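Two complexes follow with chain A in common, the first pairing it with chain B and the second with chain C.
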Partner chain A sequence: MTLRKTLRLVRIYTTLSFRSQLQYKTSFFLLTLGTLLATGLEFAAVYALFSRFGSLHGWKLPQTALLYGCISVSFAIAEAAARGFDTFSRQIKSGSFDRILLRPLPPAFQIACSEIQLMRFGRFLQGLAVLGWAEWKLHLSGTALMMPLWMVTGGIALFYGVFVLQATLVFYTIETPEIVNIFTYGGVETAQYPLSIYPFWLRSIFTFLIPLASVSLIPARALLGTGSASLLSQAAPAAGYLFLIASLHIWKIGIAHYTSTGS
Partner chain B sequence: MSALIEVENLTKTYTISERREGTWGALQGLIQRQTRKAPALRGVSFSLQPGEMVGYIGPNGAGKSTTIKILSGILVPDSGTCQALGCTPWRDRRRYVQQIGVVFGQRTQLWWDLPVRESFSLLREIYQIDDHAFRSAMQELQSLLQLEALLNTPVRQLSLGQRMRCDLAASLLHSPKLLFLDEPTIGLDAVSKLVVREFIRTLNRQRGVTVILTTHDMDDIEALCSRVIVIAEGKILLDGPLQQLRSAAGTERRLLIEMEKPGETPADEEARLVSCEGNRICLAFDPERTPAAALIARIAKKYAFRDLLVQEPSIEEVIARLYGTYPE
Partner chain C sequence: MNSTFRAAKAVAGARGRLLMQYRSAALFGIATQMFWGMVRAAVFTAFYQAGRHTASLTLPQTIAYIWLVQATLAMMPWRTDPEIQEMVRSGAISYEALRPADLYSIWYARALAGHAIPTLMRGIPLLLAAFLLFHLLPPHGAAACALWLFSLFCTLLLAAAFTTLLNVSLLYTLAGDGVQRLMPALANAFSGMLIPLALLPRSLCLLLRLLPFAGLIDTPMRCYLGQISEGSALTALMLPIVWAAALIFAGRMLLLHALQKMMIQGG
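Moving on, here comes the complex of A and B:
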């Protein structure tokens, strides 16, 4: 598939996905408002805690807000874009995955394009507001703004990879096991705060198994001057991309399993 | 002419994991899965020439959908070979599916919330159909399937018959040479069935599209297929002209009569009484020995009845008889 053709298809799929969701306009606005309020309250709680206790393991509110904002924005985008993978068990059960296999495009591409969920817009807006506030408070400007952006894109790739793995499990289990939520929603909740506050084992999971630290804590420290600013620390968000690539390879093993067992 | 599809000795066995009962059973299942082998295909072979239209029939669970899935590249068989349109479907899947069309009567391939037209234009992109080809395909399909009025309607608002017409068109936009139809008339009203059948016939006769049709509807087979392949328990039971199926299974038909008065039982030398419930009588007869019209005329002369109906044996019945297990 050429790049031009790919981009054209993405554009058309996205337009159609938006159009079919906007058939239910009221629902869209209410849900956006709802998530905006819910996640807004969540940050208000963080704010309250910090104004009472001052700092957390040496992390002040604006610094924590930087992590929080980056992770929220990443997750909101990944969740909206990976909706097809998130609801993959539905596609397996209804047989619509068979239809995907009947079309001359890579299955992962079709699933990725099948739904771009607008409902996640509320979380995105909230995350963006928190991130903007943090950048302003920390006086980040010029090239320093590149790092949060780099963290966000790495985070998107990482969370996307988690959704791909979650979908891959469905080839073996049909239902999405609830335990996966530990890594999606649990991952967001965890990485919105400095990972250094958690016990060693939890930190290890989110550093080595699912490299959340490399899209949040490590590059943030490098940026804020509170930790190693080596080239490796600055390049750390690339781990998110490597994670996504690995996930897509595992996904292919899942497809091979599906086509040989027929679930 | 060389074969369009050449299937040899396909086998497929599913492994089904069984759930044990109760909470304790579920916990046991986590540690040790209990599995059971379910053979779906046990050596299926056949070949199809270009332009053929074949009815692929058999009872539920006989292996029909497994065959269709393998032939369309969705499923990999345990053993056996298949060459179709110069490809091995499951190996050259993307190149192969570009040349085939598949319609599942039970589920739509159209985008539920979008007008039909939008689905079509997305398919056009997916299959990379060029402008000219797309326009001429649309024109032809529109007039054959009477789609004009439907194109701007969201799919979820279509009736089943309308949806099936659109689904057929959707599977044919890229002008496939080979078309799989999995129960295309299931649940349709009589008029829609006729439209669909007429369309399939035109497609096969005029465009030379090779068609493999699975169905439970004997009328579909009679209207469309000159050749039938009967599959049961994963094996091909019969492969030949429709006539062969009929004669292999016997030709008996049923005559259902609703009598004017209950308790009266019409008798005829050429017919056998199958059942009698109140004023509803069921007779069996062999149309080769006595035509339905003659039998009805004889009965009408002697008895008063309100209504009557001549019934073909269902596919299940025919196949079961073929098997020699039909309970009389």
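Moving on, here comes the complex of A and C:
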């Protein structure tokens, strides 16, 4: 598939998805407002904790807000874009995955494009606001602003990879087990705070199994000058991309395993 | 009245037995909630290590709080009943309205079972695990334990009133996007689920304790930790009951109003 054709298809799929969702404008508006309020109150709770306790392992509120903002924005974008993978069990159950396999396009591409969900726009806005506030409080400017952006893109790739793996699991389990939430929503929740506060086993999961630390803690420390600023820690968010590539390979193993229930 | 009660009891029983079938879902749910509990316990431990606190809760108390929240999470009025939502959408609600029983009582009974059974199925194993693995602080004495159990019962009445109100609101909004999203957000923040109310600034804490949401988490928690003396127990426990009664009244009125102006199409 040529790049030109791919981009054209992405554009068509995206416009379709947006159009169909924006048919319900009030609904979209209320949902955004609701999520904005919910996530806003969540951050208010973090604020209350900092005002009560002062700091968290040497991290002040603005520094923590940098982590929080980056992770929230990454997750919001990944969740919206990976909606097709997130709800993949529906396609397996209804048998509509068979139709996807018949089309002359890579299945992963079709599922990726099948829906871009606007429902989580509120979370994205909230994350962006927190991130902006953190950058302003920490007096980040010029090239220093590139690092949060680099972290966010690495985070998007990483969470996207997690959703691909979740969908791959569905080839074997049919239903998405609730426990997978540990790696999606659990990942966001844990990485909103510096990962260094967690017990060893938890830190290991989110460093080696799912490299969340390399899109949040490690580059953030390099940026804030509280840890190693070596080239390696600055390049760490690239691990998110490697994770996505690895996930897509595992996905192919899953597809090879797939047997349709249809006739 | 007696027949309504019997019908409501039958509905609650049937609903409860249905929910009891989802045992493996409950098992995965417990594992997931244990994970959340450990994460939140680690966050609070790290905060307490900073030292600067005039907290009204000690660290073991806060950790007990976290585990109790996880154990009673199914009490939170987070969602409308999917079956009622489907009924409203498809119009099958008309059959529901025709039944010779008080609709509000039936729905309330459903909600009672919907909160009680998952709480028992998930909560008891989770609390046992927390006792054995994470040294959960036991209740502050026998009196505190009794108060706590009674207070959880009040929470159940309150939670079911919230959920039924959400279900009734479906008759007005159909899609379920507005109130149905806003209320859970408020409940999370104002009940003490996100952060114990005792750790908030004093005036805010006192204000939030007057709202109906505090009865969902904060009140039973204070009973468990022994922060409510026997003397003040009556007023502290009355408040959730009064709120439950008010929400039940509001739900009833709104349901009545909705049914009166309901138009059923089709033949």
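In the analysis below, the second predicted complex is superposed on the first by the 258 of 263 C-alpha atoms of A that agree within 3 Å, B and C clash if a C-alpha of one lies under 4 Å from a C-alpha of the other, contacts with A are read in each partner's own complex, and residues count from 1 in each chain.
Convention: a contact is a pair of C-beta atoms (placed from the backbone, for glycine too) under 8 Å apart; a residue touches a chain by one contact, two chains touch by 3 or more.
These numbers were taken from a predicted model, which means no experiment stands behind them.
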item	value
Partner chain(s) touched by A:I253 [first = chain B, second = chain C, both, neither]	neither
Partner chain(s) touched by A:L232 [first = chain B, second = chain C, both, neither]	neither
Touched partner set for A:D98, first chain B, second chain C, both or neither	first
Which of chain B and chain C A:Y193 touches, first, second, both or neither	second
Contacts of A:M146 with chain B and chain C, given as first, second, both or neither	neither
Touching partner for A:L9 - first (chain B), second (chain C), both, neither	first
Chain B versus chain C as contact partner of A:L209, first or second or both or neither	neither
Superposed model, chain A: greater residue contact from chain B or chain C	C
Which of chain B and chain C A:A38 touches, first, second, both or neither	second
Contact set on chain C toward chain A in their complex	25, 28-29, 31-32, 35-36, 38-39, 42-43, 45-50, 52-53, 55, 175, 177-178, 181-182, 184-186, 188-189, 194-195, 199-201
Chain A contact footprint on chain B (complex, rising order)	12, 14-15, 66, 69, 72-76, 90, 93-95, 97-98, 100, 102, 104, 107, 109, 111-114, 118, 121-122, 125-128, 154
Touching residues on chain A, where the partner in the complex is chain C	24, 26-27, 30-31, 33-35, 37-38, 41-42, 44-45, 48-49, 51-57, 177-179, 181-182, 186, 189-190, 193, 197-199, 202
Chain A - residues contacting chain B, complex	5, 8-9, 12-13, 16, 19-21, 23, 94-96, 98-99, 101-106, 259-262
